[in-house]
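Both complexes below contain chain A, partnered by chain B and then by chain C.
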Partner chain A sequence: MNEFTKEVLRLAGDEVKTCIQCGTCSASCPTAHLMDNSIRKLVKFVLEGMKDEALNSRSIWLCTSCLACTVRCPRGIRPMAVVSALKQIYEAEGMRNRDSIHEEIFNRHIKERGRVSEFFLSAEYMLRNPQSAAQIISFGAELIPRGKIDIEIRPDSIEGRDEVKRIFEELGGA
Partner chain B sequence: MRIGVYVCHCGLNIAGVLDPQDLSEFAGTLPDVEVARDIQFTCSDTGQETIKEDIVEHKLDGVVVAACSPRLHEPTFRKVIADAGMNPFLLEMANIREQCSWVHMEEPARAQEKAKDLIRMAVAKAALLNPLVGEVMPVSQDVLVIGGGVAGIQAALDLADSGLRVYLVERKPTIGGYMALLTDVFPTNDCSICVLAPKMTDVYNHPLITLISYAEILNIEGSVGRFTVSGIKKARFVDESLCKGCINDCAAVCPVEVPDEYQFGLGKRKAIYMPIPQSVPLVVCIDPQACVGCGLCAEACPVDAVKYDQEPEEFKFDVGAIIVATGWKPFDPARKEEFGYGRYKDVITGLQMERLLNAAGPTRGEVVRPSTGEIARSIAFIQCVGSRDHTVGNVYCSRVCCMYALKNAQLVKEKDPDADITIHYIDMRAGGEGYEEFYERAQRLGINFVRGRVSEVQEVDGGLVLTYEDTLLGRFRNSRYDLVCLSTGLEANSDADVVGNILGLAKRPDGFFEIAHPKMRPVEAHIDGVFIAGCASGPKEIQVSIAQGGAAAAKALRLLSRGELALDPVTAMVDTDKCIGCKLCVEICPSKAISVERTAMVDEASCKGCGTCAAACPVDAIDMRLFSDEQILAQVRAATATKREYPFIVGFLCNWCSYAGADLAGTSRIQYPPNMRVIRVMCVGRVDPSFVIEALRNGADGVLISGCRLGECHYDKGNYQAYQRVQVLRGVLEAVGVNPKRVKIIWCAASEGEILAKEMRTFVDELKEIGSIGDELKGGSA
Partner chain C sequence: MKLAYYPGCVARATGKEYEISTRSVCSALGIELEEIDDWNCCGATHVSNELVAVGLAARNLARTELPVMTGCSICYSKLRSAVLRLEDNGVKRKVNSVLEREYTGAEVKHLIEVIMEVLEGADDGVIASLEGLKVAPYYGCLLTRPCGGIDSPENPAVLEKLLRTLGAEPVDFRLKMKCCGGPIFMTEEAAASDTAFKILECAKESGADAIMVVCPLCHLMLDANQHAMEKKFGAEIDLPVLYVTQLTGLALGLGVEELGMGMNSVSPAPVLEKLEAARGAEEEEGEVC
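Here is the complex of A and B:
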């Protein structure tokens, strides 16, 4: 068992070892049809110590955290926790892609202001992903005169932002 | 004859479709009928009393009850007439409920005609019934248990504890079987010999068990209740009564070393040896093939137990029942060349792994690489070696290999948590109490599982490289290990063939002994008084073998506990004047109940009354009680007396499956056309071609013969016999100008009422197409 496997097991639970590869998780996943590797396969990559295959799967960024896999797993494993662990390791390794960037911005906004501003999230995401932005910027421009995008001057915040920050700190999340 | 006929209303079950009063009036017009009545509920107290009163008042010597299926109430009415002083076998039932009113609900007029025919057939048979008396035979209450593995040990102990004398015959020098050689056993990982040895000692010390070890059975004669067993006890060249079991004094001085079969070739033993430290009896044994006769052991023995001139001893005794617990043999993995067993030293079998892990084994519990003697740090288990494999003729799953691999992997992992252990499997099968939990435990211990069968093992630079597809990843891979353990399957024990042949036990295609019913009679053989326990009838885990040993003991006890056997009088009988001694019946009898000296003789204790012999006899010298040629032909003629149906069909249905299936169609209210008149036989093997010809000659447009599904015959192979006969008969019919399609044979299980109904509908359509039998037969000479 290599270090990668050990780390995922530490984050997602030792019971991941009891996976019987039945495929219930993949079959329950609402975004499975978009994934390159199914959740079942991600678990298998983990158990086989196949770090590159696991971390480079786009699938881990397509998880909506709906938890259907976790509710239905007959072995009581939390496949979603495996996905979360993979995301964490990905970022900890300093790896970046447009999906991870989106997630990173999203999390930071929540952490700092307690809510997400569509305008600022999109703006920041586009700035950091000019290539992706180029494809959708004309579409976005069309939406503005129709009032579909709420252009904020200053990002909105909630009361008790410190509480939200503390939640992040206590859970050790990014 | 003075026959009473009782037509039952069964409330509205019968009377709702049929007119019982009309039926009883019709019955009153039939020959030999003295009295005929219709009764609301014939099986009720009032109904029973009416019959009893009539028997006395009208001095009846035959009773016909037209009501439900004889499979339901024949025992009831037999008891009724016996209570009134009649012989219980003078009863015949007409099945006008399950096979008439319930299946022709839409066609009451045709059903009424069918019911009349059924009653006419029953009366015709009743007029020919003879009183029968089941004999009572005293039996031996002793039991022979063949095989001293865990199943045989359990059977012997349960019987002896119940007060029966047991002869336990074992071919090896010690009892204990394979279980005695295993290390810890699943799913609790307790030490195998620690739980078995007390039972072995109990066998040795039990006053009612005679243990005959190192012995062979040479002959068994007789039948249920009175088998005579003879055999030979091989020479150990050691006096059992003198040897103290000190082991070392003799073996230590012996100069000859040979591979130890009890270590599966991993260790050595001397020419004089104790098989295992816990041997029962605790007596050494000289291997005559290895011994050089130097005399050192005889000198060393402190009690002068070594006897070079010892002769084999014969034994002979009588028993009432036999339990076959002859066990299994391991698959020889050298037959799967791709795994390299025999070529590479570090490829071992599951049993060798048991010995390596065993604290009393050749390495004192260390799992080492046989090539170097170093501890193995990476181990692969390859599953299904010799199981689920058509290339070696073993289609079956050996049932224990997943579990023993999980167990051995756990044992290694417990000793060495860093060991790299992988199980290569097709499917993991862990069906049993605590087994799935055991599998999960192995997973948690960090044992790797790879789905995909290994294609080959190759030795590369002192390691073993496995080639396989990881079918869950869809990738081809190679992995390197120190040691490869082949999870070899269980095969039928060819050493048991002799006993199987002597007893006439049937074998399944997988080579194991066949049980009397694949589900309902798991420990009974086809032969009366013979039971099968443990792996003799297929691979089993220890727990199930013990359960079967106990079950077989209970069956033997049930058979013999009264000290006498009531014999079923429905048996074959031979007309010795007609018999030509051709032995055809001997070949055909599934119960080995017929022997021929000058003429055939039926052992009535063994005969189960299927009637296959009677149908096969080329000179009609064998007839059946209660199902005689005369009686069945009378039913055929009565069935075809009026023929108010077109096409008109006579059916022969076997009692156990098809007749029960037809009853099920009734209880399920599955409707089918009322064209057939059914004659019940115990087995379709009883159907003599002459019955079929008689039916056709009397104007039946078709004959339907329905037996148990192939492989499920109550008498083993009666349905195959029937099938062969029908094929021959069809040829004959065609030759005389009768369309052979008029005779149809089908298979229908007791659960398949729908199939019987469907076949009926199809056959009616087919016969309509063929047309009336008309003159097809009249011109011929058949």
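Here is the complex of A and C:
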């Protein structure tokens, strides 16, 4: 078992080893038909130590975190936790794409302020990924006139932001 | 009944009408909400590190002694998942080493459970009824997942039951459990819209007058994004998407303003007209008798 496999098992649970490749996870996945490698295949890559194949799969970023795979797995594996583990390793390896940039901004906003402002999240994502501008602007044009997004000057922070920061720093490294 | 209320970040932005209608309905039903002081984001589906996600939820849960209620299915799922993980003493010890207030255990409820509880105990006269209205009950993904929550993750019936209690007719809705794609909308628009549009088409085919949702992200995908998707896929849907609290509020006789109905992207006017017509007919009938 190589280091990559060990790390995924540490993050997603040792029971991943018991996968029988039945494909129930893939059959339950709402975005499976759009994926390059199905969730079943991702688990196989992990168990075979095929790090590059796993980390370069677009599938990781098409997971909607709906947990359909997780409630159905006959072996009690949490396939979504495998995807989460792959996202963490992807970021730890210094790999970047538009999806991981979004995750990075989302996490940083919680870490720094305790809450997420949809206005600042969208604004920063648009700056970092200008290709998303048309989509975000047209969505904003739908929502802002309805009073559903306030144009904020400065993002709010909660009082307990230092505690939240410690949650990320002290629990995130474990 | 007094509960701790966890609004979640979206309640303060794109889900404002959910928050407005939640407060109005709870007040009408005699449910007192005490907002958790200085609550933080639950991390939604974007915090991949499991222990951090559990820590974020635990900080919120440790800030009250009351049962915690939320209307957002994502927050509900994250808070509930954390309670399950925190049953492991090792996890609880690690998390408590960081928290200012110790987590000792918590009860998490979805708004629907609370509404059902009150309505089931109420007199029949409380409800003005949604008679004549056909509604597609949309569960989405995280209301029932992981297991052990409000209802079965495979074949739930709680929303149908609620609709019948309100006097509406739940239609048979094949894709009621299929995820709306909301969590990846910002980054993977094509995939998310592909998923959401299938749900809208299915609801339309079911003959519903409206879709009922229980999560602000589902609402964003099916309501706010509906016109854009109609254009993209070249098909007309024009189906109002109402929050569970908006429908409950209408059944209780609350006004459209109290229910934030002016904020919905797809006009709820056809639903209101149908209800008015049904009530008018009922009154006329009463006069004849």
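Note that in this section the second predicted complex is superposed on the first by the 144 of 174 C-alpha atoms of A that agree within 3 Å, B and C clash if a C-alpha of one lies under 4 Å from a C-alpha of the other, contacts with A are read in each partner's own complex, and residues count from 1 in each chain.
Quick note on the criterion: a contact is a pair of C-beta atoms (placed from the backbone, for glycine too) under 8 Å apart; a residue touches a chain by one contact, two chains touch by 3 or more.
None of the values given here were measured: they were computed from a predicted structure.
Novice: Tell me which partner A:E112 touches in the superposition: chain B (first), chain C (second), both or neither.
Specialist: A:E112 sits against neither chain B nor chain C.
Novice: Tell me which partner A:I149 touches in the superposition: chain B (first), chain C (second), both or neither.
Specialist: second
Novice: Touch test for A:L47: chain B only (first), chain C only (second), both, or neither?
Specialist: In the superposed model, A:L47 contacts chain B only, not chain C.
Novice: According to the contact criterion defined above, which of chain B and chain C contacts more residues of chain A?
Specialist: C
Novice: Quick one: classify A:M1 as touching chain B (first), chain C (second), both or neither.
Specialist: In the superposition, A:M1 contacts chain B only.
Novice: Go through the superposed model and pick first if A:T18 touches only chain B, second if only chain C, both, or neither.
Specialist: Only chain B is touched by A:T18; chain C is not.
Novice: So in the complex, the part of chain C that touches chain A is made up of which residues?
Specialist: Against chain A, the touching part of chain C is residues 9-10, 13-17, 38-41, 43-52, 54-56, 59, 77, 94-95, 97-100, 141-142, 145-147, 153-154, 177-179, 181-184, 186-189, 191-192, 194-195, 224-225, 227-228, 262-263, 265.
Novice: Over in the complex, which chain A residues touch chain C? Could you list them?
Specialist: Touching chain C: residues 11, 30-31, 34, 61-68, 70-71, 81, 84-85, 87-88, 91, 98-99, 102-103, 106-107, 110, 114-119, 122, 125, 132, 135-136, 138-139, 142-143, 146-150, 158-160, 163-164, 166-168, 170-172, 174 of chain A.
Novice: Across the complex, what residues on chain B touch chain A?
Specialist: Within the complex, chain B contacts chain A at residues 428, 440, 443-444, 446, 448, 451, 470, 472-473.
Novice: Within the complex, which stretch of chain A touches chain B?
Specialist: 1, 14-15, 17-21, 40-41, 44-45, 47-48, 75
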